Amino acid sequence: MIDFIQMIVSGVATGSTYALMGLAMVIIYKTSEVPNFAQGEMALITSYFAMMLLTTMNISVYLAFFISFAFAAILGAFLEFVILRRAKEPNVLGMIVITIGIEMVLLGFVSWKFGAEEKTMPFPIGPYDGFIVGGIYISKLDVLTLISALFFMIVLYLFFKFSKLGLAMKATQQNSVAAQIVGIKTNRIMMMTWGISSLVGATAGLLISPTVMQPFMMWDPMLKGFAAAVMGGMTSLPGAVIAAYMLGIIENLFGGYISIEFKTVVAFAIIVLVLCVKPSGLFARHYVKKV
Amino acid sequence: MDMKRDYYEDVELFSSPVVVFWFIVLIGSLYLFPMFVDNYYVYVANYIAINIIVAAGLNLLVGFTGQISLGHAGFFAIGAYGTVILMIKAGFPFLLALPCAALVAAGFGFLLGLPALRLEGPYLAIATLGFGLTITQIIGRVELFGGRDGLHAPDLTIGPWVLDTDKEFYFLVITLTIFLLLFMRNLIKTRVGRAFIAIRDADIAAETMGVNIVFYKTLAFAISAFYAGIAGGMYAFVLKFIEPEIFTLLMSILFLAMVVVGGLGSMLGSVAGAVLLCWLDLKLRNILDIPYLGEWLKDLSENWFSITGVSNIQYIVFGSIMIAIMLFEPLGLYGIWIRMKKYWRTWPF
Amino acid sequence: FAEEGVTDTEIHIGSYGPQTGPAAAWGAVPRGTSGYFKWINDNGGIHGRKLVYHMFDDGYNPAKTKAGVKELQEGTGIFAWAGGVGTSPGLAIKGYLAKKNVPWVGPATGSREFVNPPQKNLFAVYPLYEGEAKVLVNYAIETMGKKRVAIAYLNDGYGKNGLRGALTSLKSHGMESVAQVPFEAKDSDLKPHIMKLRQAKPDMVLLWITPGQAAKVVGISKAMKFDTQFMSVSTCSDFIFMNAITKGAWEGVITGTFGEVPDSKLPLMAKYKKEIFDKYAAKEERWGIFYYAGILFVEPMIEGLKAAGRDLTREKFITAMENIKGFKGVGPEVNFTPYKKGDIYSRQGTSQTFLVQCLKNGKSKRLTGLIDTK
Amino acid sequence: MEFSFFQVDNLSISFGGIKALQDISFTMNKGEIFSVIGPNGAGKTTLFNCISGLYKPDQGNIRFKDNSIEKMTPDKIARIGIARTFQNIELFDHMNTMENIMLGRHIHMKTGLFKGMFLWGKSSFSGKEEIQHREKVESIIDLLELQNVRDKFVGALPYGTQKLIELGRALALEPELLLLDEPCAGMNTEEKQDMIFWIKDIQDDLGISILLIEHDMKMVMDISDRVLAINFGKPVTLGTPDQVQQNKEVLKAYIGEDG
Amino acid sequence: MANMLEVKNIETYYDLVYAIRGASFAVEEGSITAILGNNGAGKSTILKTIMGLIEDQPDKGTIEFEGVQIQHKDTDEIVRKGIAYVPEGREVFEELTVHEHLLMGAYTRKDSSMIKNDIEKVFDYFPVLKERTNQWAGTLSGGEQQMLAIGRALMLRPRLMILDEPSLGLSPLLVKDIFSIIKEINQNGTTILLVEQNANMALSISSTGLILENGRFVMKGKSKDLMEDKDVKEFYLGIKSETSAKGYQRWKRKKAWR
């Protein structure tokens, strides 16, 4: 029983990271229909940036994190402004290739600057700090990740739901020409969503970093976050988060009770099954084109 | 004057004697190529040709039928493993094992095509991505497939010939590549190809015109997987050793990038995309050997970055090239080529 | 001159290793070799010749490894290959170099495939993972009296070799493992694996996984109050590093070694650090096990080159290598014998390891003398 | 059982709360031009979507010749001889005019995967077939006077031309029943006149029966043999153009009080 | 009266296609101006150029709105100046509901209290839309989408409203309604620029008519005068075609004005 609960707890912990990445992917997809493959690396470079601040400058963690969040937001907006916006008559696949390109550039940059060796980020909460409640181990860092994920989900959900902006984002995604002709500053919206998304993703990166940092650390969370976002419906913030926790928990239970070697791929198998039944994910209405 | 002038021309393999001439020159030089270059370049040519086959197949799926696949490394792996295992375990000769393995890949393509019928965009991307990862995972766990220790490719003999050098293998690879490309080109010019494009552009209209969407969508997956399978089978003999971790997600992404960078829906584009990206992938590791630039980069690394990570500049260059091509020409290399043709035609005015 | 890759003044040596990609941490190995060769050259070279070192980045992608090796071998002309990181990149070129009969010394991998069957041109220096695992498990059972052994292994050649060795040892003691938990190199969420291990209630866990994963497993286990003796592979014997990334949790872990530990008092090590590392290494390089492994793996090669004399041919070099007996550099003793079919130790030069335990602050304590793994 | 060329019986379909079609019934004779009129959102296009198999009706049957087609897939329905055009143009943007129409020949061609791969010039099977069908396509291009756009990508062509190409594509199918959804929308008087002419031609020369949706009353009255008026998915009246035009309800809901 | 919109000598290219070949015209404040022209003449292109929807175009020429040059400005900026646009082909947001469309139409407006009111007004104009309030626009019928596009533009409370074939796909009754609505909006102070195929209707409500051929204006004048013009009668109003199609009267090859 304890094992079972522990697995659930671990699943939630893992799911939180996925949820953050998933949220970040959803935010961008909501406005531009682009699955952003650079999401992980945007978080990566922010994490290394934070580490650089902490190790070379003598500033407090809080200040460093604050600066890093600002950095993440600016980075996201900058990438949109300098690269994605310049794409001439972009199609979705072209945009995917562009984000893959950005991903490579950022990855190369981080590896070039910081090398491949594993590092950890100095952080007030140690990676292995935690408490044991009734035989169940709960890591403090995981709790923080969970809180961040829920916090972002709720804040963003309310923000998009109750501001005109949320609707404007969806409008932009649906038809950017039409969005422009009702006066939506699509460019600004894009830039803003890239900024917000980068910030949310960076949170995941920063919370992974105290445990271990190396240039490829964001690959798995990014893919799983993407998978969760798809399972949730790709445009639904709560959907992405719920799906992320489902994935985290399923992975842990599957690893614990069935087969650990197929743990990583079970997530994808489940997603395919879900998509067979609901082709637009769990929490999105499926639109069938009318002629 | 005659509006119907190209009634027949479009159907012909070559639209004019000039094209025939250049085609023969091209084929000739392809076959003579190994006589004039180092063996290393022959190896590279083999490697690139194999990627061209995958790219052409993937283009049928992505460019022509409008689906996306991030799992082609999976089909590639099936082809590679299938061929080697059929040869080692079942004693098939290479020329039989290769198509059989590719058919197995095509079968998997068909299966993957079924859920793909209702999926699009990121949903399909994730489904195919999952497929690719699962395949390598399964191969890595099953002892029959050599597990993670990998498999060594047996000696390659076709009838009386023993193909154990890159040059000998080259003739096989290049022949197959030429034929597969021609098949593909023929196919997309006919009814079947038109049906694929129709599905991409307006699937509902295609359906009401009598195109069986289920059939053609799964067929596209199957053909595409078949090509990847053939390529994979030959790849096993280029490397002489295969191991599941070779067939990574990165490989699938690279395949997709070849197609998109080359130009969606253009055969020539796929060839160009595969050549460019493979060549860059192989060549960029020598970026520091470039005179001046290399030195400057070294200086830069010492002062601002790290010299131990200097090789990573290749990622930056690679990524930048991909971005640049897509930014300026959404049709990729093929689009650039069209632009150049237009420009030269009107030159110097 | 008569032999490929040898001129009046130069000997061309090739090597490869990932400087990019997920395995790039291993990239320090060929860089260590590079420093070592520079040092040799600055100290007069070999019989009046300088070593010209050609090293390239293959990103741990076998296709690229093969391309690079061919390019150098056929373009520049390489006399012999030194080091070379990784099992699958190595296996992709093994046959090629064999066919050309180009000597290859010290591939940076402890997999059995490189010496089983032995190959005339290929001299392995890295102690076999299998043997190392055997020694570790023997020690746990015989000296520490452990009864319940669990094995965490990476699901690839590296991990499987370790697993095989551990199982052999267990079997010879009439025991069985209480758990075998496979890891994927890409796995970053390790809690399920740890749960699996914990369920088996082992009193010793052998970790044959990547250093980063090992760090996480040990760290989380400690935090979960899952107290057990962790033992691990020589790639995790860089205690200063492991201690840093586990924030001190690595204390108490026992590992094998493939040579001296970085803070060893051995005079030769101190000399290398001072004369090679301090002088030639880039400022962000670390005197860790990967860097000095780059030296360790090719020390026998230099020995062989010296012994082969001024009239350097591949034939002579191979013969010289075969005659290396009891050579001692910073690694364990190296012995080769003339090529004999089926005798893996004619080409597997090292078969010794010793065990160390991590103390506070990453200091290491030597637990055993050199143990032969044969 | 009595035989009729095309017959719709008690057709009903609803989307969520909206009853898009309720109890629609009519029969069509061979060679007839039959129009469906009704206000926007009355369910005309939905009726077409049911006939061409894109929607599965909740109730009712559709019979064409000897087949019951309401459960068939769209491609099957095309194969037995029903072709259609779309209200919002659905052309294949990345093909030129000729290829678009060529796709209409899809069901008449036999080239499959293997024969397609072996298109070695004009004497191969698929080459011959291609040429043979292209001749047909050229005759349609000539008929609709599309010669000067035959090699242009359709995406950038003017709206009216695109509508024509859609018609051509449907004709290439050599259907027995042709469904036209607002073929004249977006055309000026002159172009409409041309279109009327072609539709008549198609009926007379090719003997194709036509089911037509159109908002231009003049055209409907001019060319239809019979007219069905629907509103809110329900049939209002069915009869000759004149009868329908006189109907009070039609006048009120559709044409406007003053006629 | 002052000219609200003044287009001077614009030239527009689609890549290499020369679509507008130097067109000038002006729209008087408070007027209804109609542009007529054949299929492919470039009517939609002119409107798109005004709205800044064709990248980097116009190639030459200027467009002034209330004395301010607006060419090469972003579309949203142009919209914010008070120009609403009903595009050809509707351009609805497929997966937004009718209600959401109308909200989006008022996106740039600050007076949020009035928005509700205006939504009701749109529903008054188009009662069908009210029944479809929560339906996705993509599933509306063609005519409903057209109404929605017009309603969305109305929500902006524009100073100038540009409509590209507003009657496309509407029932005869609604066509009449649309034109009376346009007239009503105009009387409430909105200037109208209209592209139509339904020349009869367009000319009957407009004050000025323009005829476009091959990217150039070939005729300008008071609508009343145009309606009397022989050529216009023949080619656009179809007066001569009284003999019905049943008489197989074929239109002669048309010759262009030059």
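The first chain written gets the first letter, and so on, giving A, B, C, D and E; residue counts start at 1 in each chain.
The working rule: a residue touches a chain if its C-beta (ideal position, glycine included) is under 8 Å from a C-beta of that chain, and two chains touch if they have at least 3 such contacts.
Keep in mind the model is a prediction, meaning the values are calculated, not measured.
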Mutual neighbours - chains that touch chain B and chain C alike: A
Starting at chain C, how many touching-chain steps does it take at least to reach chain D? 2
Chain whose average C-alpha position is farthest from chain E's own: C
Which chains are joined by the largest number of contacting C-beta pairs? A-B
Which chain maximises the distance between its CA centroid and that of chain D? C
Interchain centroid distance [CA atoms averaged], chain A/chain E, Å: 44
So, in whole Å, the Cα centroid of chain C is separated from that of chain E by 75
Return the distance between the CA-based centres of chain A and chain C, expressed in whole Å. 37
Please report how many Å separate the Cα centroid of chain A from that of chain D, as a whole number. 48
Note: chain B residues in touch with at least two other chains are 137, 141, 204-205, 306, 308-310, 312, 314-315
Residues of chain A that touch two or more other chains sit at 88, 108, 111, 115-116, 261, 264, 289-291
Which residues does chain D have that touch at least 2 chains other than itself? 45, 54, 86-88, 90
Show me, using the given definition of touch, all chain pairs that touch one another. A-B, A-C, A-D, A-E, B-C, B-D, D-E
Residue ranges of chain E touching chain D (in the complex, touch as defined): 14, 17, 36, 38-40, 88-89, 128, 132, 135, 139-144, 146-147, 165, 168-176, 197, 199, 235-238, 241, 244-246, 248, 250-251, 254
Residue ranges of chain B in contact with chain D within the complex: 3-4, 7-8, 10-13, 183-184, 186-187, 189-195, 197-198, 200-202, 204-213, 219, 223, 265
Which residues of chain D touch chain A once you look at their complex with the stated criterion? 45, 49, 54, 86-88, 90
Note: in the complex, chain A contacts chain C through residues 3, 6-7, 10, 13-14, 108, 111, 115-120, 126-130, 132, 137, 139, 211-212, 214-217, 219-221, 248, 251-252, 255-256, 260-261, 263-264
Taking the complex as given, what residues does chain A use to touch chain E? 88, 164, 167-168, 170-171, 174-175, 177-187, 285, 287, 289-290
